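Next come two complexes, and both contain chain A; in the first it sits with chain B, in the second with chain C.
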Partner chain A sequence: MTPELVSVTIDGMTVQVPKGTSIIEAAKQAGVLVPHYCYHPSLPSPAVCRMCLVEVEKAPKLMPACVTTVAEGQVVHTDSEQARKARTGVLEFLLINHPLDCPICDQAGECELQDYVFQEGQAATRYGEFAKRYNPVEDFGPDVLYVANRCILCTRCVRFMEDVAGAPVLNVSERGDRAYIGIDQDQLLDHPWAGNVVDLCPVGSLISKDFLHKARAWDLDKTASVCTGCSQGCNVMLDTRDNVVVRVRPRPNLDVNRHFICDHGRMHYRWMNRGDRIEAPLVREGGRHLATDWEPALVRLAQLAARGGNTVILASGSASFESLAQLRALVGKATLTTGVQLLLADDEQPLPGVPGLALRHERAANGTGARLLGYGEDWNAAVKAASGANLVLLLDVTLTDAEAALVSGAGAVVVLGTTLAQALPAAELVLPVTNVAEESGTFINRDQRVQRYRQARTAPGMARPAWWIAAGAAGTDIGTAAEAFAAGAAMVPALAGLTYADLGLNGRLAGPPSRRADGVPA
Partner chain B sequence: MAIGVKVMKRPAKDVSYVRATLKGMAITFKKMFEPKVTMQYPEEKSAPESERGAWSISPRWRGTHRMLTDEQGRSKCVACGLCPQICPANCIKLVPGEDEEGHRYPLIYEIDEFRCVFCGYCQEVCPEEAIHVGVHYENAEYSRDRFVYDLERLSSQTHPVSTLWDPTDPKGE
Partner chain C sequence: MGYPHPSHAGEHPVLSKHFGDAGARTFDGWVKRGGYEGLKKALGMTRDQVVEEVKASGLRGRGGAGFPTGMKWSFMPKEVVKPHYLVCNADESEPGTFKDREIIRWTPHQLIEGCAIGAHAIGAERIYIYIRGEFTHEHRILLAAVDEAYKGGALGANVFGSGRRIDVVVHRGAGAYICGEETAMMNSIEGKRGNPRIKPPFPAVAGLWACPTTINNVETLAAAGHILRQGGAWYKGLCRGNPKSTGTKLFSVCGHVQRPGNYEVVMGTSMKELIYDMCGGMRPGRTLKAVIPGGSSVPIMTPAEVEDCLLDYEGVVAKGSMLGSGGMIVMDDSTDLVYQVMRLARFYAHESCAQCTQCREGTAWTTRILEKILAGKGRREDLDLLLDLADNMTGKTICVLSDSCAAPVVSAIRKFPAEFDAYISREKQPVMVTA
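For the complex of A and B:
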């Protein structure tokens, strides 16, 4: 059923929006951003900040755009003199007590107060003779600091904890100009999804301890990526500074994670910057690993793969779909046993306010992709099979000592690894591969949504994506991740015909074309 | 074949050097009795601003940098990152950190004076009035790497700092 449409005119632009849409959302469709603080598309709107007041023709006074729904024939002026004057007034009030500490504030550069004041605030204060309110910095929990002085009381954090996280530990304490965000005396902000309040905060009031003073917002390069923390496949933005990933933030995707990521995913980035990386292909000669060039290494890999017999692939559950597909294609007709390291955890941590969003117990990003390619889930059985195999291929897996001992019993071991710890001494070949931040590829999440991630930093040394290595050894003519994906998609009926161009930034559900015609699950 | 040389036939009074020599010596003797204008650098140096004489440099001179410090001797810099951002020559390296009292401060602050174009933007943009370009011109060193000034060196400089613009005419009109 298509919803009933109403047409409204916003700043001279007439748009058709579904009935019940708020003016602020309708304005977005008309290409107008109404300045706002308390409104957030994933939270209920209380209309407390009074920033989004707009002039609606025939209405007696200014209306808050975040809670006023559109009506047929409505004419809205967001930038009329009256609306502008109201916003300037609100900004003036907010700045009475807001400290002028932008130089040391982590939010500077991505601060909505800064943006809007710069856009339409007053150049000077009229309250210079009064001392500003002062409250000390408060420690809210494992990763959150509360700088009360900077708070503009938009209550986004309070509503997130109450309505979305279902753990109402935050509140607005005191009243009037003494008001601040209070926390339950006996509690901490330690909900597994609490880190989102830092992203929700429009100013630098709630800040991340992990990111504190690490970088300025304008120093960061932002890359669209997908979280590797679990099989949920939350869309994230990797923020890099000087080729180092310094922060992970959620990237809005209404079909997967809305505007949120969990704290596990938020902190799951340090390994991307590890320094102990394999940087050149190593070939075993006379009991030692000697660095070599890619060409002889690929020839050696091709020879090993061509020997056939029992072959075992042990792959990381966070290896890209492209790499898993090409590795399978390399082994070809040999008798194949496969295992995927899925790093199962005991618990799931759901976010109650968003159905279908949780930190899943499968703590690997591409388990579904591996399953679609026919990889076996029984890791232990695959490791056992490895001990008697002719050839074992390891893709970015870290083995326990016992597992390493079993695997070393195989005829030949080829390690496609990222870190030196993964390079088994017994390996015939050790080939450096890129990690998720250093290559582009795709993951398929637990709902069979195919999602792309992009390269955020340069690969160390001679490291290459694993699909490049496998395709090179197999002599397949694949030069880009897009070609590798197309080749992989051809191996899986559910993905037939899907290309990078179809995936876009928000990914697409795998399955027959009819189901993914609009890219939205039923 | 001989080369033909054209011989100028000028009157003797033009060809004689005596007149030209006397003319030159006249200027020389005249200058001996005029006040001397040559500055005997490095024995003589430019006077400080307070006693500005004939040989003081402009208070708006933009020379090598200086980091100002507070009463406790700590640098005033809060590592806000505006100077590396505005720097057109990309010569400032800044890594922010946090001290024991939770204050933001620069862990690493380095200026490569070789790369610097002495535009003074860093001083102009600084919200804490910490980094300044100096009224200073003696920068000779024995090795090139000494021209990357670290925080300690920037803070220990004592030369006067630039005013960048004329206080009586800030817009340069």
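For the complex of A and C:
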């Protein structure tokens, strides 16, 4: 059913929005960002910061844009003299007890208080002669520090824990200007999704211990990516500084993870920066691995693949759809056994406030993509089959000693790996591949949403995406991730018609076109 | 009556008729004095008829806002789909106001009767009486009266054989001024932090536990029994010329008058008569300096404004202030107004719930500036700053606590500039301000 539309004019721009939309959201449609602190699209609105007060024609006083819904023919002025004075007033009130320690604050550069004060705050304080409120820094839990002095009491963190996480351990303690965010006695902010309070905090009050003093916000490069922590496929932003991933933050996608990611995903990045990387193709000669160039390495791989016979692929469940597809294509007509490492965990950690969002059992990003390509899920059977196979291809998997022993019994072993620890001594070929931060590609999440991730850092040495290696050995002329996707999609009926460019930033659902249109997973 | 002083001829005791008469406290004593007749009469009428009767009386909310009571009741849904609730606001915390306390202390059944009538009128089966935590004595009296009312058939599953169920729950506050604000009160009853809620939704749509709710002040509900017993027309007749403000009103007069106390007068009585005649005027040798007429949250009045001010909703507004709760603070020429205003601001700074930025930070900042002026460190710019802060604090927050802090400050600076000048120019000795 199409929702009823109302027409509202905001700062001279008339827009049509569904009935019941708040002024603040309607303003976004009109290209106007109404400054705000307590409002957040994924949280209930308490209208307490009073920053988003706007002038609504015919209303007796300024209205909070976050909780005032639009009405037909309404005329809103967000930048009238009255509205601006109210905002300047709020900013001044917020600053009187704010330490202004921006030079040592992690939030500086991405701080909403800093931004709005620069935009329309007063140049000088009128509070000069009084002491500011002082409260000590508090340790809230595994990864969160509370710097009370910077707090503007927007209560986003309190509402997240109460209404979204369903673990109401935070509260507003005390009254008046003595108020601060308190944590319940004997409680820790250790909910599996608690880290989101750091992102939600508009100022530098709730900060991550993991990121503490690691980088200045303006030194970070930001890259749209997809979390590899589980099969949920949360959209994330990889923040890199000098080619090192230093932080993972949620990237909004209303259909997958709204504005949140779990702490497991948030901390799932250090391996991307590992130093013990395979940096050049290695060929086994005389019992030793010798570095070589790509050309001879690809020729050798092509020879091994052409032998045919029993072939086994053991692949990581977080390998890209493109790589999994090209590896299959390389093996061609050989008798093939496949196994995907899905890293199944016992527990699932849902976020109660967002239906359909959880840290999943399957702790790999692309299990669905592998299944769609016909990869087998019986890992142990595939490993067993490897011991008697003519050729075993390993794609970014880490084997136990027992598994390595079995695999080493094969006729030939080719390792496509990221770290030296994956390079089996028995391998004919060890080929350096890029990890998720170093390549572009796609994952297909548990709801069959095909999502692109982008390259965030340069690959070490001669490392290449696995699809490039496989396609090169097969002699096809696939040169880009888009071409690799197209080639893979042609192998999977459910992906018919999807193109790499169409996937955009929020991904598309696989399956028949009707399913894609309404965007609702089956 | 002006308990503990004898009733003055200028008074018109209706609600306060039995103040000081311990015999009126019991169920039997109240019935003997004509009590519960109003309730019985109401039970024989339909909801609409009761509402119409109260509308006809012209009764308006006595808690401060002055909203017509009958109209408020008529906002409640006609169909009872979800439970309806009546909340009686007995959290009388407004500085200078002490009328509800006396009603509960002397005539608890007067309140229970009014509550039951209100509950019947809005289709509620349950009444919450939210009583200020500090009223320990009154709390005990009220609990005893509720027990008696159940035994006497005025409350319970079948009130006076009418088949109507009306229950009363007495809920004690824990000392927060803000819980007297109706939406904060609902949060408090629900067991949450007493933070005011955003309106809409209005309580009549989604109030206590998201059910239709009406909140009335003690004095308002107490008047309902008399209106039902003697008729809306009788109550409307208690009026001195202004048909918009009818009935009697209790004024809690405190401060520098000879006989402070509760005085019940007909709406439209002159303020001067109340202060000089009934309360005996200033102490010998003293003259009037200022009056805060409606609890601490309204603008301060000068003697010139008091001169021909009529005590009704419109009369006080015409003189630049508000009738408010009727808590009248009278100050003579011995008063240091700067100090008094600082004390008020400090009260609001202490009681701010901390939700809205302007209120949380503004009340405290205002207090600090006033303290600084008192300490002899004030500058002329500070007055402009106070006025600008007050502007930023007015009409911009969820509830009116912020506005209430600004009103006395602005009116004091505007109407009594000399008081501030004396400190700023160092003519007056600085005052040591202690927290």
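What we mean here is this: the second predicted complex is superposed on the first by the 517 of 522 C-alpha atoms of A that agree within 3 Å, B and C clash if a C-alpha of one lies under 4 Å from a C-alpha of the other, contacts with A are read in each partner's own complex, and residues count from 1 in each chain.
Here is the rule we use: contacts are C-beta pairs under 8 Å (C-beta built on N, C-alpha and C of every residue); 3 or more make two chains touch, one makes a residue touch a chain.
Note that the structure is a prediction, hence the values are computed from the model and not measured.
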Combined model on chain A where chain B meets chain C, clash or fit: fit
Which superposed partner A:W271 touches (first chain B, second chain C, both, neither): neither
First (chain B), second (chain C), both or neither touched by A:V90: second
First (chain B), second (chain C), both or neither touched by A:A47: second
Chain B versus chain C as contact partner of A:R216, first or second or both or neither: first
Chain B or chain C, by number of chain A residues touched: C
Which of chain B and chain C A:L153 touches, first, second, both or neither: second
Vertex chain A angle, Cα centres of chain C and chain B, expressed to the nearest 10 degrees: 90
Which of chain B and chain C A:V137 touches, first, second, both or neither: first
Lowest inter-chain C-alpha distance for chain C and chain B in the superposed arrangement, angstrom: 27
Overlap of the chain B and chain C footprints on chain A, listed as residue numbers: none
Residues of chain A defined as touching chain C within the complex: 46-51, 53, 61-62, 64, 67, 85-86, 89-90, 92-94, 96-97, 126-127, 129-130, 152-153, 171-172, 174-179
For the chain C and chain A complex, residues of the former touching the latter: 176, 178, 193, 198, 349-358, 360-365, 368, 372, 377, 385, 389, 391-392, 395-398
Partner chain A, residues of chain B touching it in the complex: 78-82, 85, 96-98, 102-104, 127-128
Partner chain B, residues of chain A touching it in the complex: 102-104, 108, 137, 212-216, 218-219
